[in-house]
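Reading through the structure tokens given below for one structure.
So that you can tell them apart, the chains are marked A, B, C and D in the order they are listed, and the count of residues begins at 1 in each.
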Amino acid sequence: MDSQLQDYDPINGLKPSENCAVIGIYGNDTVFFKIYTSLRTLQHRGQEASGVAIFDGEKINALKVDGLVYEGFRPYIEKEIVPKGNIGIGHNRYSTAGIKNITGAGPFLISTAMGDMAISHNGEITNYQSLRDELKEQGVPFVTTNDTEVMLNLLARTIRQKGIKNGIRSSMEMLQGSYSAVLMIGEKMYAMRDPKGFRPLILGKAGNDIIISSESAAIDVLGGTIVRDVQPGEVVEIYNGDINTLFIMRSQRISHCMFEYVYFARPDSIIDGVEVYNSRYRLGVNLAKEAPVEADVVIPVPDSGRTQALSYAAELKMEYSEGLFKNRYSERTFIMPGNKERDSAVKLKLNPIKSVVQGKRIVLVDDSIVRGTTMKRIVALLRSFGAKEIHVRIASPKIVAPCYFGVDMKTRDQFIALNKSDDQISKEVGADSLAYLSIEGLVNSIGMPKKSLCLGCLTGEYPVKIAGEKEDIQTTLEL
Amino acid sequence: MDSQLQDYDPINGLKPSENCAVIGIYGNDTVFFKIYTSLRTLQHRGQEASGVAIFDGEKINALKVDGLVYEGFRPYIEKEIVPKGNIGIGHNRYSTAGIKNITGAGPFLISTAMGDMAISHNGEITNYQSLRDELKEQGVPFVTTNDTEVMLNLLARTIRQKGIKNGIRSSMEMLQGSYSAVLMIGEKMYAMRDPKGFRPLILGKAGNDIIISSESAAIDVLGGTIVRDVQPGEVVEIYNGDINTLFIMRSQRISHCMFEYVYFARPDSIIDGVEVYNSRYRLGVNLAKEAPVEADVVIPVPDSGRTQALSYAAELKMEYSEGLFKNRYSERTFIMPGNKERDSAVKLKLNPIKSVVQGKRIVLVDDSIVRGTTMKRIVALLRSFGAKEIHVRIASPKIVAPCYFGVDMKTRDQFIALNKSDDQISKEVGADSLAYLSIEGLVNSIGMPKKSLCLGCLTGEYPVKIAGEKEDIQTTLEL
Amino acid sequence: MDSQLQDYDPINGLKPSENCAVIGIYGNDTVFFKIYTSLRTLQHRGQEASGVAIFDGEKINALKVDGLVYEGFRPYIEKEIVPKGNIGIGHNRYSTAGIKNITGAGPFLISTAMGDMAISHNGEITNYQSLRDELKEQGVPFVTTNDTEVMLNLLARTIRQKGIKNGIRSSMEMLQGSYSAVLMIGEKMYAMRDPKGFRPLILGKAGNDIIISSESAAIDVLGGTIVRDVQPGEVVEIYNGDINTLFIMRSQRISHCMFEYVYFARPDSIIDGVEVYNSRYRLGVNLAKEAPVEADVVIPVPDSGRTQALSYAAELKMEYSEGLFKNRYSERTFIMPGNKERDSAVKLKLNPIKSVVQGKRIVLVDDSIVRGTTMKRIVALLRSFGAKEIHVRIASPKIVAPCYFGVDMKTRDQFIALNKSDDQISKEVGADSLAYLSIEGLVNSIGMPKKSLCLGCLTGEYPVKIAGEKEDIQTTLEL
Amino acid sequence: MDSQLQDYDPINGLKPSENCAVIGIYGNDTVFFKIYTSLRTLQHRGQEASGVAIFDGEKINALKVDGLVYEGFRPYIEKEIVPKGNIGIGHNRYSTAGIKNITGAGPFLISTAMGDMAISHNGEITNYQSLRDELKEQGVPFVTTNDTEVMLNLLARTIRQKGIKNGIRSSMEMLQGSYSAVLMIGEKMYAMRDPKGFRPLILGKAGNDIIISSESAAIDVLGGTIVRDVQPGEVVEIYNGDINTLFIMRSQRISHCMFEYVYFARPDSIIDGVEVYNSRYRLGVNLAKEAPVEADVVIPVPDSGRTQALSYAAELKMEYSEGLFKNRYSERTFIMPGNKERDSAVKLKLNPIKSVVQGKRIVLVDDSIVRGTTMKRIVALLRSFGAKEIHVRIASPKIVAPCYFGVDMKTRDQFIALNKSDDQISKEVGADSLAYLSIEGLVNSIGMPKKSLCLGCLTGEYPVKIAGEKEDIQTTLEL
């Protein structure tokens, strides 16, 4: 997947939340370092800013930092100024461009008549503007433009009116979009997942500590074991060492984000019962079945296409080779005054292995294409090193529509695949042939029923009503 | 005055506001750099964190930085990422210790049903805890423990209920303590000063720009002219280029903080009609009249005692000399591992001029004494350089009681003067004699009626009710 | 290969040079950004400090920075303060621990009666102490303890006495150890490689620019083509757009460092005619032939063992799978006060893919083992995730002796393999079996005659005389 | 004195040394913190970079940092990585503009056949280019363009040839210009002062520690006592707790820099027997005698004109008042994009006290004028605040010629006074009258014979031969 910079503006506030990482640990001793370790483990889900909020026996104290978890928290750890307490939550926010600024970073924390409340949220509340306006009408002031603040204030309001259980339910009836969140009300902790289950959320145990995490990898790194996924629509209360389902708000249709399996999550995580590595492996297998091609070698776009390329090759009994070397130190680039360094960024990042490329017919495998800019440059690069044929194979279907549930793809005009045939796209990126995996192939690879997945960005039909977009009625009817 | 470090804790939030700087500029073109320049001008009123909030035609955008104004804003100015718009406010927060953190720094900004609101506040709301609890009961969430947030939310609530004029009045009826604040409601700007007028607030014009400032020095530096002080209890509306008094909530008694004249404000500022330099000059004159002493030379503790020492000497036709050199690069110290650098901090900061000190009978003048630690070290230093006699003269009365209105002196046990005679204090600091200015001398120097000043820290009797403290009934009756 | 921290001391100066990166570009227009790009390309050869030295038409100006190339040079590039000129050299220094400090970082620059001279050096001069003493006796002052400074001063001295050609030859007769260097004498540029050819050095062209580089990858990234390797003992003059061999000082025996192929170099580089990727692929093939094992899956230690594991599996027609996920954000760790984060560093860095590991008989392939600490932890990690059997296969022979020619392995007692059988080592790391590639297998994989390689760290016999070590007579006799 | 930015270029190296600070401590226990404290005490003599070099019993280790002493050394002190040992030297380098860079900062350190040598040097070697060329001819390589490196290498060479005593003498016979230096040869320490005695150098004791310092203030702060000044032309050996004069190279004429008394040194320092404060006081007295004026108040340009203004007023029994407030936080400014902040820098720095200025006839006193830019702005500022008359009085003579001995005034065209009458200058700065102190008045104030002072920048006649400049023959003949 080619990376995209958000148009972040430290002055004008944040856009709604993107896909990010949440963690909650209901522990028996000092919890800060466990949350810190978890956030490092889930750093791939957000590099812009991080925060922790920990209950100290009386109130919740937060510490937020910008940049990577390691770098941001270092001065505080070195000076031993970190929040104390055994019960706390953490959050990583997705990367953006420009000057970093922690204003509005998660977790979000408020002090209310019921005590202190804090929330770490992953997802995107699609109706947050109207909820925010309603809450403002009711006298709630907002200090950011973030949807998480809206969610927390809505919860505070409904819980106050109806108690915790009914209050959360009531809020969930109003909240549209995706949310996998960890809520703290004083020392009580709640895992909440929207009824469609867009974003992952999993429960684990490590010793006597109870863990809520965006991905199971954090449970592994803490030395724990998976208990189970939080179910779509489920609210779990963690209190006094117990894990209790408060209620489950069932939806007609579940819609797990397929992109977690395709690109976003760590391969070692198990999400909704499916190991991400396994689904990626099957994506390659199915791509091989659907779009085989006579060639000398299969090479991945590192690192995103590696597993899929490997299984593509294995399935077709072709040679697999890592024909593009990725420079680990090339992540960051800036525009040099009067220079073209930006143009050479792909070269700085990727360089071909000559013996693998020269004179060869290549199958080039990546996980997905959004804009196609990077793919175009890679194809040109391989050609310049003597590749004889280049056959691009993408281990997911065409992306043709925006995501409203947490992935940073908001406008149609950015998509290379919009209204284009495979041949047209192949021509545009300069390949000899190009093929995508079918939607059926994707669904089969993940191994869930189609109706359990959100395929909005592939079909333009969404599992919830979005103004100006089609609703995914068919799959609903299938139920 | 000897400096004191606040016990700041980046995790557990802020203590209530201390004396700091506020600025508001209702301008006709880009206002950021004017606010920035004003904040640099008022840097002496706060070095911990700074912020600006500017109305962009639709909403208010804020930018907050930690550290000195120059250093904090530099990266944003260099990258030209600063809030745009012609109408805005600014704030400097008083210095504290430890890791800097902008959470909760001013200006405070909320988005409400009435639009965006922002406030810069100088002072200390004495009943903010109970107001906060009440507001929480009414469903207002709080994101910091700061009193400014309470004030802004109270204003938002009452304004919504009763309109701007009556709403502000209603809030002011509930707010106790000191506040000199600049409030923005969208593009409208309001200067508010508590009915006692504890903290300064002044209006100015520079071209067509209208300025509200903690001190007139900022108006000077912007090339403007003073219009007038905001009166105690007055609320001024700035809108469409006009300055209108919305109302004045009169108090039985005015209580301007005497410490602004003694120490806190810049000497070039004119506060409530009194030039600070002039009042400091008269403090020295009155000190000379009350506590003359036969000696060879009058020397100030630089920089705080300089003007008072000069006039003390002039009044008594004594020689004035700057017998202590102050190292401008010694402001910051830290404890070296296994070393005594902290102990030598006074030496690093101040060093005697031998010819002025050796064998001389010295009058050592300072503006005030809080703990006495520094004075003790200076006396010892002068002795070690051969001073024959050292007569300490303090150009203000004994500080014996806490301040509840913005000065960072919160506990009685820190005061060297508590329950001690002049002789006892003289002995404790190692001087040959020691004298303070009388309260009458102070009042006369400032040149206002006694009943117009807050003398709480000198008398232990306060112009407003403080739990556990005496009320200053006498001066009230005098009215 | 498990990483090791050098005991660097910013106060007491540097240890002799380690393996690092050199670049020289004889260009036709501004050369700074080309050198900068090359240094980023070769960042894997040194992360501690970087520098450039460019001839401005009259003199050579240097700019040195610490940390990564990107981060170090950024402020200078942003302010457009970089050395100007068309002809220049660059250097990356190998990573160390602690506070960074550019004192003594390359390139080394001196001003002499012959004009300015600068050098970038990769390698290790084994007799630099005695040469330094001799030069000191002759009146040469030294400002660092680095061997590169010795080399440059020796060159300056002999060149002055005998002219460039004979002077360089004369210096080379005195210099022992390894060196692949780029020397500038004013606008003339020289590539020098020691007669044994320990470290790589290659010539390229990009447009009319002539490039000298530690690795061919930099030539690729600059859009150029390889001309040829600098031969062992060769000195090449680059002047006026021409590449001329000044002379070749032949050695009885060539000794290319085998570690470049095993671990150090980028796989996309071609060194002395051998593509590194290819040699790594063959290492896996030969390891498979020598040490096959019945198992379910072959997994690499990422990233160092990946290519070798792939070919091991391919050779044995076994399943290859990336069973350990490497967290890209876990590179840096620090000791938390009162915490055990360091212990969990391996977990933070690597986490198993459950489906690949659980219940499986695993072949775990890495490129080499030095201390074995990391391998021990990985084996334990895999066991804790249910691996049934773990067979460690190392795609290079046992390291049992120090390197004196640039690799940071200086003491025997650090080596896990010293005086141990495979079984003993297997037991120590907790594996079910363990095998190394034979020396013959290594030599065959690289594809050069054994007598063309330095195998000192594997055999304890060195191609040059080292006090206290055996000389590698046998291979010498073979010639 | 108005400040001037050097045109520093981190790439092209340093200009010759400017006036700066040197310190040497021959101690009995850990000396780092004592040198650090001394460097902070002498920070006014150099803010660009600092360094220490300490003998550890075997060799000399250096640590150099950029920026202020406090800020630069802080990370090293916090991590306890500072040079160990009891005998060491320190150096502060004068401030420059732009990106800081420690390359070439003092102390300078070389390793030679005689052991390690280090030097801290204050002054300017006027013939360093030719000495450098000669040394290069003799095979000495240079790593910077700094004159201190030349000096140290010359010393190393002559000492080696002739022994310490004769070698230093021989070097001094070759060195022209100004130098007050502290030299270390292993554990031996030498104070060296050029035969003219341009720059200060003083000996002190603190307990059993022997101190060599640019100014006596450092001896005070270390709790020590002055022993005596190093005499012009004297070389003092400090060894084994003894202070021995090695020799004195007498000059026909001594030429102490008058600018140390006028502006550069701390007022609490005693230089060559004259307390700086006292000489400044007399400068004001003599200025009053020479150039009295009928006016209402005398005000200084803070901080540089304060003492002189005070004595000017005292002498004429006029009122003295600090009519300009100096903002302590305004030191640093930068150009805002598209803004005029630089123009308002004077305003940000200085603001008038209205009551002192308005309607008043003012005598404005400063220590000196170089370019006159700042004075012009101050006069305009005072006028804009209603000053009736402004009479500028400068407590030193006109500066009309460059300094070649350490003060950063290198070109004639920068001087406002060049070829202008007082009236012309008065008009240019906008004053009602303007007068300088006479050369005789200056000489009398310092209290030394005219022939003991360097007045080159006032007369254009220099105490040593400078190509293109007149030699000060008259004063020589006076001897």
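Operating definition for what follows: contacts are C-beta pairs under 8 Å (C-beta built on N, C-alpha and C of every residue); 3 or more make two chains touch, one makes a residue touch a chain.
All values reported here derive from a predicted model rather than from experimental measurement.
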| item | value |
| --- | --- |
| Identity of the chain that, by mean CA position, is farthest from chain C | B |
| For chain A paired with chain D, centre-to-centre distance based on mean C-alpha positions, whole Å | 61 |
| Centroid distance [mean C-alpha coordinates] between chain C and chain A, Å | 37 |
| Distance between the centres, which are taken as Cα means, of chain B and chain A, whole angstrom | 48 |
| Shared interface positions of chain D, touching two or more other chains | none |
| Complete list of chain pairs which touch one another | A-B, A-C, B-D, C-D |
| Chain B - residues contacting chain D, complex | 33, 37, 40-41, 43-44, 47, 68-70, 74, 77-78, 80, 217, 220-221, 223, 266-268, 270, 275, 277-278, 303, 306-307, 310, 314, 319-322, 325, 327-330, 332-334, 336-337, 339, 341, 344, 347-348, 351-356 |
| Chain B to chain A touching residues, read off their complex | 9-13, 56, 59, 61-64, 75-76, 79, 81-84, 98-99, 102-103, 109-113, 117, 132-133, 136-143, 145, 152-153, 156-157, 160 |
